[in-house]
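As written, the chain order gives the labels A, B and C, with residue 1 at the start of each chain.
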Amino acid sequence: MSRAAPMAKLALLALLGAFLLTPERFASLLRPFAPGDTAPIYTQTPLLTLTVNHLLLVAAATLAASVLAVGFAVAATRPGGRDVLPFARALANLGQTFPPVAVLALAVPVFGFGPVPTLIALVLYGLLPVFETTLTGLTGLDPALMEAARGMGLTDRQRLTQVELPLALPMILSGIRLTAVIGLATATIGSTVAASTLGEVIISGLLTGNTAYVLQGGLVVSALAILIDAAFHALERAATQRSGFRS
Amino acid sequence: MGEPFATWMRPDPDARPARWIVAGLDPLGTVFAGLLSLSLLALPLMITRPNRIAAGTSLMAWSALPAAAALAVLGIAGFAAALLALRVAPPARLAAGAVALLVLGLAAGGAADHLTPPGDRYSRVSPDAGWWLAFAVAGLAAGDGLARLRPGPGTRIATLAAVTVLAGLALHSGFWNNLSVMREYAGHADTFGREVRTHLGLALSSVAAAALVGIPAALLARPVPALRRTLLGILNILQTLPSMALFGMLIAPLAWIGRSVPGAAELGIAGIGPAPAFVALFAYALLPVAAATVAGLDAVPGPVRDAAAGVGMTSRQRLFQVELPLALPAMLTGLRIVLVQNIGLAVIAGLVGGGGLGVFVFQGISQNAGDLVLLGALPTVALASGSAVLLDAAIAVSRRRRRERTQ
Amino acid sequence: MIELTGVSRVFGARTVVSDVSLTVEAGAILTIVGTSGSGKTTLLRMINRLVEPSAGTVRIAGRDIRDVPPHILRRGIGYAIQGHGLFPHRSVAENIAVVPRLLGWDRRRIAARVDALLDLFRLDPGVYRDRLPAALSGGEQQRIGVARALAAEPPVLLMDEPFGALDPIIRGQAQADLLAIQRRTGTTIVLVTHDMDEALRLGSRIAVMDRGRLVQEAAPAALIGAPATDFVGALLGRGDRAFQLMALRVVDDLIEPGPAPGEPIPAGISVRAALAESLWSQRPALPVSRDGVLLGRVTRAALEAQGARP
């Protein structure tokens, strides 16, 4: 997906920006999809606000999931942590097996409506990619390197923060990228429980039979996912070069 | 589950465990024990409501059950927790977790009976935060114990069967009938079966269709780099669309097809009903299946490929007799991912009139009836977990065969 | 400087190192040589506590190494291994600076030290300071690895097959460099190798290990002249004893006044190389010079006499 020309991505970014800031300009494009005389652009809440809220929600969930998953992976690769590994792996797998919709629905009676159940569902769903890639990154390190680090007098913690994590960074970033991209689409479900996301636009369209709304919401999310995926790929490339590996 | 450990992290024979791990305590187990105790002693066990939508009263374990039963439950759970905290062998951990689960299941049914006045048809009893937390912890502890045993595929399927049978018996015997979830079921018994069938049908048929289309497409596109990039690129972009949006976007075109194309309506192609959901689920399943096929074939070791060619196999023979069987674990992994994914996504079909368990979930959300939501969500989770276990077992078997083949 | 007393290491039922006692004088180079599985690497790693002895004590400068936390101990000991272990995500300068930074040196002192070390290893600081290890050749990486080990001016340097990954031409140069640098810094070196020739060339003392036991510990000439067991003899190689001995000695002590034909050989050259030149050019005597000044000559007979069993 990152092979598409950077120019295309920039064009997409510009298009997205234009749409979010001045949606009315695109009204004529969307009019064929709106039934009857209804306005083709969603105006209950500004699209920009919804986009920002959506992004904030996904960012928070991705951050939380990453911290947890990296923590689990680090714990599982320490000498004292052998027993943590099967458990952590099972937990992360479980997180992906529970459909986010179900988690959402189950969390509502406990946490009420709003962004919290959505956050919980996104975090659970996002654990596995980061966990597995971090694990791969940490276990794939050169043993001679670890020996040298230990022999030089780095404490275990210093070795972790100065050597292991920086070298595993490209892999960790690839996992975070997956979590973020999947999370962007999944977060739309949050609007069924009154979280403020772009799903609101889509649901409104579904309920009123207005395909224009569905298109707006869906395509904005899709564009965000494509752009964020490209951004992460760039980060990964930079991290890989910095690690001294020939990418 | 592959290598368990960083290859360079040889367990240092000199390493002494951290001081706080007093000889005999298991760190993970201690967490489980703590949470289990917390959930049963500090959080309410059940919540009872005079009717379906009224506000409820939370009850602690000793209020929700008759005294003797409460004592028994707390005692057994306490014993299980203590066992988990200690450094005991995996079978004991599994037993402790399983016993805790059993006791919780009994407690739920017993409390429902205890708290429901005889003959009352309106009051609702459901498990509260304490029960759910205890259940989750006990489940994780049992799962952890099972995972430490590193079970083979046969064991895993046997466990699944045992759990299914037990749950089925409990449901059948009516032991849980006074729980709110079951009352919701009673209220929707006529449509429940149909929705489950619709749900499963959507998930399975979309995955099957994706396999039938995606695998050949991947096989055809793979040798041509430009084609392969295009195929995977398009599918990747498709994945970024939220499911709701894709469901919604398909309504109008499918409605049009249903109206205009002769014979389409009889096939079920229409703007409402399961058709848009099916097409969307099919679309979402294509990428993982195609990508997994490509990755699996790419991972066939070069020497094996060369040996097959050297023996005089045509490329088609090589493909079907050597490469595909070796790529099978990866392809099955892709199928597992999409089946679990689609069981979850099929819930959203309920939002677009496609039927399935999502009907209950979204009805429950709009009516603010938590247990109706549960009626939709619990079977979904069960179906997803069950499929995951079954397919994981299949993957494990295929991996074993693959190892034998490449040796 | 380094004292090992009755050091053993047992892994379960396997005895990897068995009751080794030896002493390394300050400023000496001890090469530990043996086949794989002889326990030589384990012995080395017990000096900086990467492996803890099952029995016995290790003392450095009179202090039992167990009295110091392991990571503090290791910051005072240089450690260079095969495969160098350079951090791929750090530049050459940052790699060298690792231990000084752990010790809290200030930035200016570290920068000066980095440049000094790069000069010592004949690498232009301006060019190499900011390079990443992936951009270095094998020989350069090995040199930086040793430089990093010496960065904090440790009194002791431990080396585990440091030249193993180098091709033979570079290896010889690297060995010569090590000897030259050690002469300047006076660091006590313990070096593990499986190559007897390397051990003989580098070591002021040689320790031979076989299946965990210390079989012989002696100066190179003594080892060649009187191997303690058949195993040592086998390691030395039966036929080359005379030439090994001649490789250890230099022509300087054999120079006598008198004429000799042809191209002079440089003083400081080994007896073995001089004999080879004498045979190749069919000259029974060779002139010897240093820096262009003729010092005298050396006869083939005198050279040959150096190959006699001591």
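One rule holds in what follows: a contact is a pair of C-beta atoms (placed from the backbone, for glycine too) under 8 Å apart; a residue touches a chain by one contact, two chains touch by 3 or more.
Note that the structure is predicted; figures quoted are calculated from it, not measured.
Greatest Cα centroid separation from subunit C: this falls to B. Nearest to the overall CA centre, using the mean of each chain's CA atoms, is chain A. Averaged C-alpha coordinates put the centre of subunit B at 61 Å from the centre of subunit C.
Here the CA centre of subunit A is 53 Å from the CA centre of subunit C. Rounded to whole angstrom, the centroid-to-centroid distance between subunit A and subunit B, based on C-alpha atoms, equals 21 Å. Shown for subunit A are the residues in touch with two or more other chains, namely 142, 147. Contact residues of subunit C toward subunit A in the complex are 45, 48, 50, 71-77, 79, 81-89, 98-99, 102, 132-134, 145, 148-149, 158. Across the interface of their complex, subunit A is touched by residues 1, 3-9, 11-12, 15, 17-18, 21, 26-28, 129, 132, 140, 143-144, 147-148, 150, 229, 232-233, 236-237, 239-249, 251-252, 340, 343-345, 347-348, 351-352, 358, 361-362, 364-365, 370, 373-374, 376-378, 380-381, 384-385, 388 of subunit B.
The part of subunit A that touches subunit C in the complex is made up of residues 142, 144-145, 147-155, 158, 163, 166-167, 242-246. The touching residues of subunit A, counted against subunit B in their complex, run 1, 3-4, 33, 77-80, 82-87, 89-91, 93-94, 96-102, 105-106, 108-110, 138-139, 141-143, 146-147, 181, 184-186, 188-189, 192-193, 198-199, 202-203, 205-206, 209, 211, 214-215, 217-219, 221-222, 225-226, 229.
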